[in-house]
Amino acid sequence: MSLQRRPLQPLPTIMIEPLVKMGLLEDLGRAGDLTSDAIAPADMTATAALVSRQPGVVAGLDLAGIAFRLIDDSVTIVRHRHDGDKVVAGDAIAEIRGPARAILTAERTALNFLCRLSGIASATASIVATVVNTNTRIVCTRKTTPGLRAIEKYAVRAGGGVNHRFGLDDAVLIKDNHIAIAGSVATAIERAKAGVGHLVKIEVEVDTLEQLEQALAEGIDAVLLDNMSIEQLRRAVDLVAGRAVTEASGRVTPETAPAIAATGVDLISIGWLTHSAPVLDIGLDFALSDD
Amino acid sequence: MSLQRRPLQPLPTIMIEPLVKMGLLEDLGRAGDLTSDAIAPADMTATAALVSRQPGVVAGLDLAGIAFRLIDDSVTIVRHRHDGDKVVAGDAIAEIRGPARAILTAERTALNFLCRLSGIASATASIVATVVNTNTRIVCTRKTTPGLRAIEKYAVRAGGGVNHRFGLDDAVLIKDNHIAIAGSVATAIERAKAGVGHLVKIEVEVDTLEQLEQALAEGIDAVLLDNMSIEQLRRAVDLVAGRAVTEASGRVTPETAPAIAATGVDLISIGWLTHSAPVLDIGLDFALSDD
Amino acid sequence: MSLQRRPLQPLPTIMIEPLVKMGLLEDLGRAGDLTSDAIAPADMTATAALVSRQPGVVAGLDLAGIAFRLIDDSVTIVRHRHDGDKVVAGDAIAEIRGPARAILTAERTALNFLCRLSGIASATASIVATVVNTNTRIVCTRKTTPGLRAIEKYAVRAGGGVNHRFGLDDAVLIKDNHIAIAGSVATAIERAKAGVGHLVKIEVEVDTLEQLEQALAEGIDAVLLDNMSIEQLRRAVDLVAGRAVTEASGRVTPETAPAIAATGVDLISIGWLTHSAPVLDIGLDFALSDD
Amino acid sequence: MSLQRRPLQPLPTIMIEPLVKMGLLEDLGRAGDLTSDAIAPADMTATAALVSRQPGVVAGLDLAGIAFRLIDDSVTIVRHRHDGDKVVAGDAIAEIRGPARAILTAERTALNFLCRLSGIASATASIVATVVNTNTRIVCTRKTTPGLRAIEKYAVRAGGGVNHRFGLDDAVLIKDNHIAIAGSVATAIERAKAGVGHLVKIEVEVDTLEQLEQALAEGIDAVLLDNMSIEQLRRAVDLVAGRAVTEASGRVTPETAPAIAATGVDLISIGWLTHSAPVLDIGLDFALSDD
Amino acid sequence: MSLQRRPLQPLPTIMIEPLVKMGLLEDLGRAGDLTSDAIAPADMTATAALVSRQPGVVAGLDLAGIAFRLIDDSVTIVRHRHDGDKVVAGDAIAEIRGPARAILTAERTALNFLCRLSGIASATASIVATVVNTNTRIVCTRKTTPGLRAIEKYAVRAGGGVNHRFGLDDAVLIKDNHIAIAGSVATAIERAKAGVGHLVKIEVEVDTLEQLEQALAEGIDAVLLDNMSIEQLRRAVDLVAGRAVTEASGRVTPETAPAIAATGVDLISIGWLTHSAPVLDIGLDFALSDD
Amino acid sequence: MSLQRRPLQPLPTIMIEPLVKMGLLEDLGRAGDLTSDAIAPADMTATAALVSRQPGVVAGLDLAGIAFRLIDDSVTIVRHRHDGDKVVAGDAIAEIRGPARAILTAERTALNFLCRLSGIASATASIVATVVNTNTRIVCTRKTTPGLRAIEKYAVRAGGGVNHRFGLDDAVLIKDNHIAIAGSVATAIERAKAGVGHLVKIEVEVDTLEQLEQALAEGIDAVLLDNMSIEQLRRAVDLVAGRAVTEASGRVTPETAPAIAATGVDLISIGWLTHSAPVLDIGLDFALSDD
């Protein structure tokens, strides 16, 4: 069974720069940064530190850096932490040098990306920590912010999590409504197998052990055990016996995760990581340059 | 002092349809909805209800509706609740009829918008409720999701909140770093006044009553009283004496809001509403059509 | 093993309309259709038939229809054939009615999509026909026209073929260069397994039976048997013994396909279907309306 | 009262480069610069001077520079004048060095931006000069070229003018039709105050002194005195007595501006600056390089 | 010689709708029409007339109509005049019915297009009128607003003018700098002929009769007689003797046009039509619906 | 008569970079290159040679280079062949150095452009070679891939061919259906002449010598002799007698081209060059760097 543990790989600039442009242009509007343009002399330089105000895991430094450099390409950035690194309150994550005006203009867009993605990474890391001594992995869902799925899934990886499918088109996930349409678990799986290519995996959501048996009889890659009790999960894992990846889902919390993991499921999926994790509070400490 | 209490107005379709397209295309990828295409017959119709699983305030129904209709324009939607309405767990918000496949394909994008915006509206309404008998209003910030500022600020309005500025270009907000650059509160305000047009308001962030006095002496539209104690806020409001809109900010919670409002500040601003509010749990209950 | 045999499903309009707009705007340039605007009276109506000039399989009717209707939404289209249908020379595929000028303006864009996609479908069908009595499927590659991958892969499906992966991000395909980087087949597979999620399949390209054995020992989903002789393929299939999907590739022609299929491989992949298939010659027979 | 007098600040590249790309691609079409490609050897270099053919004020040098560099990034530009500077006929504004072909290809796009924006700046400066010894400022309107509002408002600033609102969303301007809808000046203002946030200013257009009194009684930020006589304007300014910014509008010319300013109004708004100002005639003097 | 006199043909919606969207979104910004949303009840309907305040020629009604309908597709528009029609002051051009709010929100964008294009059409018609009894045609240039070339050239046609080339890629125009690069008129023409396809015409700009003779000797399609005196033009026309289209250019005014036309030149080109023509003053007269 | 023989000129980066971005983003999807990210260490460098596997003519090196550099701007490329150069099997066209991962990620997009455009160039060159000792040129059509017309027409030039019109808007081509609408060849030509500007050429498609005589009587720039026999072509060329460019079309092959050219026609047009030419097989030979 393949479960992602690789070192974190950056997303190509070509994938993330358009998102940063969208964020900056939304903030600049039609007149730019009225306040900084009026107050900061064009030739004044400054340094700024991105400092975490709370413990967590960092993600999004590439996007933050692009934000500053898209406003002024003379801005330089030195990183003290990297995406995926843990920080404690007070840690300086990166140091930025350049025109004071550019730093202030890009600040909010940079932080909006950095705090959000670090929030997702931190939430992921928190829950990963509760199952770290097991073989269970934490996995995200498609409950992401429209337009930001690629970077939010990246943030999950930064936090030590694993990615579920990225869209409707890269894997089959047969849910309760699909089964209702097909009439049975078996028919749904048969139609899916007849309908997709050889590099597409098939996962089936089941609510009961009866459905699980039907799904296993057809042969599938993964089962989503939805809202099952700990006891049901344990019996489901026994029943699967390695014939499919097992995924538990349904209102998981840091408190309930260890018991779920103890059932032996391969994956615990949590929509909360991307749809409701609070931001990590990272601030920008600004200082005028001595020179 | 003008503080928004208007009935909620919808955003023009031209402003929100591109966001829905972005969300749908991100989910459809290059092959579309593999699962539904394989399992659901093209001519099967269904009904679905958008049902709240918890109490809150609804926002985003226009976006959800556009999501379904962009996949299949024969989908019809009947609303039982409208944006800004309160719901309790179990309330049916809207009913959708159309091809089963289209409903399943658009479901996640529709819910990603609806749950997120309803989450913001609900969080706003919760905190608004704590100050409802005062003259204090709850206001959002620029700490929004890149690309979604217009709809997230709309969701704040749906929850009974008021909008702060929408970008760097529609109002001046002089912050601590701007004051440091200018050398004094007075100089910063003077530069701002000299630099912007007659329809641009100026707000100044102050940390102390001394700074507040300096700002008032210059004449400004609003003051942001940052991280002040209740006692400081009370003195600040006294000092302002109606000469400017007063805004309190800094880690406000439902518990602390009433005391802050009791100081007489006009506004309490809360970044949390847009950067960290959890989604409202809204689900889609699906049923095959009898006919 | 899941190999796509589903009835052909249309792509959502939201996925294909932008491509048609791109094609039309490229042809209209900055001045529109000089010739038709100068010669055809605005109120003259016409009928036109899309007629195949040679035998083949149709694909792309949705795109052709969108082309005409984007120029004038009063155009009506009646289909006599559908995507995936076989045609012989002289068959009328669809009939178009509307303003003469609109028909002439959209003609080339409509045909450029229709002839190209029908060409791919026809080439696919030709080669599928040579292996139709076997269990072997014909599969495409990523050697597609930049920007048109979704519709070219759709055309392969219309011709009875099966789709390989749609991009670099929906499945792992370990090629010779990846093995060279990793140092061994086994290391490459281990890294891949550690690096991807549970819904991502892994295929490995092997040149020799030794590599094949190494790959099977690691456990993989599919093997790409590259440029092997018929004898090697037969031995490879024996060796695999159902433990992985087997894919043969390398300069396959209609003449060689049956013998390759006879080795028992599951898939034969052919880049030629999308990168070099000639168009299907479909013309537009135009007639002025009687009325 | 805040009336913009700041030194001119450049717009961020991220805001203007897309406009230049749009202009260049519109000119290059599908085949590029047929003439220069056919005639100019690829390795021939040249110098060119941007020379004003008439007196005026320059604006748009950033856009012109981007035009040349987007065609060939080896082009270098030395500025002898800057945006906001006055020029007389014959003044060399900037010198360009680089491939002859690139200079000729980008010439028209560069000049189309530069001449248009300099035309707006020059028109603004002409009328500003007529009121320079008064406290009255010249302000633009929303009567701008679709798509170019940000840079046309910038050109107004370059000419010494002040910007009115940038869109429908950054300030309230209650016009005659809004008053007709509301039924009275007072009701319109009340609705506006109830409907917008604390950083949104409110201006009311009034035709009579009666309406003006009603507006002042409600409390507003600015009044637009539309098409009033000099005598009416004088009485209006007296009536306002500093309680609001006063703006005069209606077919202002350089001849009438001084008398209007003498009434003491704060602002004179002129749509003509952006909708009808003729271009400043700037040419490109081209010379082959000696080397 | 082919000189455009056709009835005016509309541009396809697909070419102009994106421009209208760009204009509307620029005006709506991130919060929409604050004023109309606050003041106009959602269910209030109104009628509005687009009324010319001065004599001229109308152009741009399609764009204006799209602006209103993109804000609210229930808006209906009845045209009393069409593009290319003459109007006098007070003429109602079109009548609009629909939601009051939609009419007010779209008003400025609709008028910005309509007034600008009508201004170009009117300026063109004015100068066309001075040469109406001759065989000389009035032609525009590439000195257009970046992004709006297609519609500005359309407006020239609406005014009775003829279009010059639309970009660098649809015809060759050899100018003085190209001749300097080539070393001679003959070499420049030879290179151009060798470099372009058989459907590309070649025009040469000449300053003297000597250059003209050289150009004619090579064989060209058209000559641009730049800044010549009336006497020079007359001799140039004689010299050409029908062997090429003759185009006069250089600071043409309504006063000088008749004499230029009297020389027998085929075309008079005027950049002023698109770069400096003032708008036609068209207003929107608004009335609440009786019902 | 002008028939393009110029040295091949590159297209400006601004015209082709968006196409490469489109291709790369289509391949990267939402998760990037799963395989290379998992297997190739970030700091491993490599060299790669683009090697032709068969004889032909190269086109598209600029696009291939942009593909690699957009993934990693540290990639360097040394060209051994240039666009328009002939290659034989085994020829190294260019050498690429840079991060191994970047080379593998961009490989397919780079090759998809390079192989397709080289295929068009090679097909063009093959047929050009058959008429090289004549005055006849080979010309392409508008039967191009939607979105790629500019680069496919460039590839035709790289192969020694000449370009026909680039769209509906840069020349008039009166076809059989236009003649049917107009009622006669003469009327069609008259309408066209009245409808277009002085820099637009007019070509007429004729099926018979009678139509040809009618067209010549009107005076036109070019005639398209459609599907005529060799004998008819010869008589048509005689009839034209230099009064128009002559273009033969209709299922031309390398075998039939010489006889067609021998009739003396100026142009032979072949849609096959862009709609059905197979790719040139170019591969990427990859090697890890020694260092």
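We call the chains A, B, C, D, E and F, going by the order they appear; numbering starts again at 1 in every chain.
The definition used in the following text is that contacts are C-beta pairs under 8 Å (C-beta built on N, C-alpha and C of every residue); 3 or more make two chains touch, one makes a residue touch a chain.
Bear in mind the structure is a predicted one, so any value in this text is a computation, not a measurement.
Colleague: Can you name the chains that touch chain B as well as chain C?
Modeller: For chain B paired with chain C, the chains in contact with each are A, D, E, F, in label order.
Colleague: Go through A-E and C-E and name the pair with more C-beta contacts between its chains.
Modeller: Greater number of contacting C-beta pairs: C-E.
Colleague: Test of understanding: which option in D-E, C-F or C-E shares over half of the contact pairs of B-C, residue numbers taken as the match?
Modeller: Interface equivalent to B-C, from the options D-E, C-F or C-E: C-E.
Colleague: Calculate how many whole Å lie between the centre of chain B and the centre of chain E, each centre taken as the average of the chain's C-alpha atoms.
Modeller: Taking the mean C-alpha position of each chain, the two centres sit 44 Å apart.
Colleague: As a quick test, compute the distance in whole Å between the mean CA positions of chain A and chain C.
Modeller: Each chain's C-alpha centroid was found; their separation is 33 Å.
Colleague: Find every residue in chain E that makes contact with two or more other chains and list them.
Modeller: 6, 26, 28-32, 37-38, 105, 149, 163, 166-167, 169-171, 173, 191-192, 194-196, 200
Colleague: Using the touch definition up top, name the residues of chain E that touch chain D in the complex.
Modeller: Counting only chain E, the residues touching chain D are 19-20, 22-23, 26-41, 44, 46, 100, 104-105, 108-109, 111-113, 115-116, 119, 142-149, 166-175, 177-178, 180-182, 188, 191-192, 194-196, 200, 272, 275-279, 286, 288.
Colleague: Going by the contact rule at the top, pick out the chain D residues touching chain B in the complex.
Modeller: 1-6, 139, 162-166, 169-171, 173, 191-203, 221-222, 245, 247, 266-267
Colleague: In the complex formed with chain A, which residues of chain D make contact?
Modeller: 6, 9, 11-12, 14-15, 149-150, 153, 163, 166-167, 170
Colleague: Can you tell me which positions in chain A touch chain E when the two form their complex?
Modeller: Touch list, chain A to chain E: 26, 29-30.
Colleague: Spell out the residues on chain E that touch chain B in their complex, using ranges where they run on.
Modeller: 21, 24-25, 28-32, 37-38, 42, 70-71, 105
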